[in-house]
Amino acid sequence: MEITPSENNSVMDEALRSELSKQGVFTTSLQELYNWGRKNSLWPLQFGLACCAIEMIAASMARFDISRFGAEVFRPSPRQADLMIVAGTVTKKMAPQVVRLYNQMPEPKYVIAMGACAISGGPFKQGYNVLKGIDRFLPVDVHIPGCPPRPEALLDALMALQKKIEQQSLTGVTRPRHLTEDARSEFPIPEFGEHDLVPSKNPELWFPPTPMKKP
Amino acid sequence: MQSLEQIKVRIEQAVPGACVVIVANDALPTQSSLLLDHRHAVDVARFLRDDPELCFDYASNVTGVDRPESIIKEKVRVKKMVDGAECLIEEVSERKTRAYLEAVYHLYSMKLKHGPLIIRLQTENREEKTHLPSLTPVWRSCEFQEREAFDLFGILFDGHPDLRRILMWDGFKDFPMRKDYVDPDDYEYEPTPHDEVLERAKQHYKPEVQS
Amino acid sequence: MIAPREEFKSWQSGVAGNGSGNGSGNGSSYGAVRSSEAKLVKKTDDSLGGDLLEVAMGPHHPSTHGVFRMDVVLDGETVVKLKPVFGYLHRNHEKIGETNSYLAAIPYTDRLDYICSMTNNWAYVHTVEKLTGLQPPERAEYIRVIVAELTRLVNHTCLIGFLVQDMGALGTPLMYAFRERENIIDLFESLSGSRMMFNYMRFGGLRCDLPPGWIEQAKRVVANYSRFLDDYEALLSGNEILLARSQGVGVLKKDLAISAGVTGPMLRASGVNYDLRKVDQYGIYNRFQFRIPLGEHGDVFDRYMIRVLEMREAVKILDQALAQIPEGPINDPKAKLRGLRPKPGEVYGRIESPKGELGFYLITDGSPNPYRFRIRPPSLINLTILEDMCLGQSVADAVIILGSVDIVLGEVDR
């Protein structure tokens, strides 16, 4: 994950701010307030695909308690969700539906690829019906390795995402995708072909890794 | 449970004209199977289900098997006259096996609590004559499993009430569980211990690998 | 006021029913009953001239326990047609199993029914042991029974949590279920190093022995479990909403259940006494005293109740096994893990997983990997009669009926 500090993050003198807060006066910027609100109320889409979904449920239960981070409101409808946790193997039969769900989510929206399968196909990479990573069709913000990742790992990914949101600036060249005017919030949905998905990847999003050269 | 030979005799008595062959299983002789012919398969199945002594009321497992043509090399010792003396000479004989698809049914009895009785059906070949009689009218549990065998192996079950693809999508053209299925080339180059995958990935990215 | 059924009350106190039941049906009358013959559809008032409504429930739907899809045709609220659509989690276990060695297939079995990894392991190693003639030592057999029954507790507890969540009890029972699950998962984690994918069993034995203090901790967990079940039942079994929503809903008749190959708690809820722990007596199940609870009505409530009672029996088995477990080796000295090449032939092995009969069918050809690797999934075959159970019910009941079948999509689609 790439976190770029933006130039207008520190518009106020830190010393002054700290001095004021000691006297009970809290100052903030609109951007900070906006990001603070967004990052502490991420509503995930209630969307389990496979094994990782059980750990996602476990993370929302009493022991791990994802609500400490303001992300316990699992929404059944994509129209009400900010965060898609792709929890499990995405098969080729399921991939169009995953993209469609993402397209139906309102901006700003984020994607966590949870587990080896969502990242790359994982143990099922050789399978004929397994999509080799959801990042072929969707932009992924945080990847969590593991098979399945522990609930702590999901919480860590959530915190990483919160850091990312915190550092997003509202203006300037580093502003997030959804704030640009020609923002594209929808991605083409692949179709079922005779042998494979058509297209098998989104060429605008996914670039195959450069092959490693043997030393 | 009666022995396989007894069951074979009883089937042949009950269903006139039925041709039943015992297929030996070297690994586990108690799980040898009966090969049925197409014309009488449904009648035989009905007999196996309804006969009070057999009462195989539960078809547990139904699956397809792909048997492509293969060449079996066998070493045979042949007595031959060499220079007037008789001696044993090893000869390698080659024979081609028939190519066919197979449906295997594992039957149990819930009432009498015995089993398994394994019955098999074989198609004529793998290309166009892939029809088999469906046993779904006899055991309802075959419904989804026969659909699966159709989806993954391409076995056409005549008499099945709803023979559609079950796991893959409807427009899919291949039968992925067949041995000669080539899956779509969508691997990238990755340092992986799977030699086969590595080879395929190299093929996929030939220009880059060479540059 | 709807009352809970008397027969279960007496069953629990041990007055009536010894679990042997008359599970046998009339052998000659099992017909393959087709749903088109079943005339269950209620006629609604035609004068309104309403159209039928087609709804695709799933693959993303909060009630379908994963990526399952039901194409439902509704007449008002009544289901008149229901076609399940599978394959959204078809991960090609069987094809991958053909390319892997026998040993390398064990971690894949973990991911079949990902709530019950231990029993999946057992089903597979049981099949290979049948093929190769390996015999696990005494201690390994006991550990297998212990982990399998703990798995049964996890599965049934979580299932009931999900089921009552479908009925509208958002949160509380499921949260209790997951609280108890964590205790058992902790045991498994200290045993195998993973929370879900245990990869614990091996041909002719186990991967590693129990860590020190494990038995004591397991005894504590099991001792607390009966109390938890009392709480759980006090919360649910007499609850009027649960009774109203589940009694008489989704009735499955005995003959149809047998013909459709339904297994596990669903079959026994319809009154058929068929549990592989008693029928096949695999492992060392013949050494333990336990009963097989049987239902009478075959509705959702019976399926719920059978699972509760099975958990109580599992606790009994665990008590006995944890008290009797001997010291000793945990692996068959003849066992060969790497480069296992069984001689050509085929084998079908099956065990009673918490969801039903989980079987593996292997065809070997003398090479290091199986020629055919087939998994007989109880979840998929239990869904055969989903349409028959849902016809004529309301769409809200269809959700509960699906929940009572107890499916895990990893196993349905494989």
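We call the chains A, B and C, going by the order they appear; numbering starts again at 1 in every chain.
As a convention for this text, contacts are C-beta pairs under 8 Å (C-beta built on N, C-alpha and C of every residue); 3 or more make two chains touch, one makes a residue touch a chain.
Keep in mind that this is a model prediction, so the values were computed, not measured.
*Asks:* Which chain is most remote from subunit B in terms of Cα centres?
*Replies:* Result for max centroid distance from subunit B is chain A.
*Asks:* Tell me which of B-C and A-C has more C-beta pairs in contact.
*Replies:* The comparison resolves to B-C.
*Asks:* Could you give the separation in Å between the centres of subunit A and subunit B, each centre being the mean of its C-alpha atoms?
*Replies:* Averaging C-alpha atoms per chain gives centres 45 Å apart.
*Asks:* Taking each chain's centre as the mean position of its Cα atoms, how many Å separate subunit B from subunit C?
*Replies:* Whole-Å distance between the two chain centres: 28.
*Asks:* Just give me the whole-number Å value for how far the CA centre of subunit A lies from that of subunit C.
*Replies:* Here the centre of subunit C sits 34 Å away from the centre of subunit A.
*Asks:* Which residue numbers or ranges of subunit C touch two or more of the other chains?
*Replies:* Subunit C, residues with two or more chain partners: 87, 90, 92, 95, 99, 413.
*Asks:* Where in subunit A do residues touch two or more of the other chains?
*Replies:* Only 93, 126, 128-129 qualify.
*Asks:* Multi-chain contacts only, two chains or more: what residues does subunit B have there?
*Replies:* Expected reply: 167-169, 176.
*Asks:* In the complex formed with subunit C, which residues of subunit B make contact?
*Replies:* 25-28, 31, 49-50, 52, 55, 57-61, 63, 65, 104, 106, 110-113, 116, 118, 136-141, 143-145, 152, 161, 165-169, 176-177, 196
*Asks:* Given the complex with subunit B, which residues does subunit C contribute to the contact?
*Replies:* Touch residues, subunit C against subunit B: 23-25, 27-28, 30, 32-34, 36, 86-87, 90, 92, 94-95, 99, 130-131, 256, 258-263, 272, 274, 279, 342-348, 350, 357, 359, 361, 363-364, 372, 374, 376, 380-381, 383-385, 413.
*Asks:* Once bound in the complex, which stretches of subunit B touch subunit A?
*Replies:* Subunit B residues touching subunit A: 167-174, 176, 181, 183-184, 186-191, 194, 197, 205, 208-209.
*Asks:* Quick check: in the complex, which residue numbers of subunit A touch subunit C?
*Replies:* 46-51, 53-55, 57-58, 61-63, 76, 88-89, 91, 93-94, 97, 101, 123-124, 126-130, 147-148, 150
*Asks:* Can you name the residues of subunit C that touch subunit A in the complex?
*Replies:* So the residues of subunit C touching subunit A come out as 59-62, 66-67, 87-92, 95-96, 99, 107-108, 111, 114-115, 174-175, 178-179, 181-182, 195-197, 409-410, 413.
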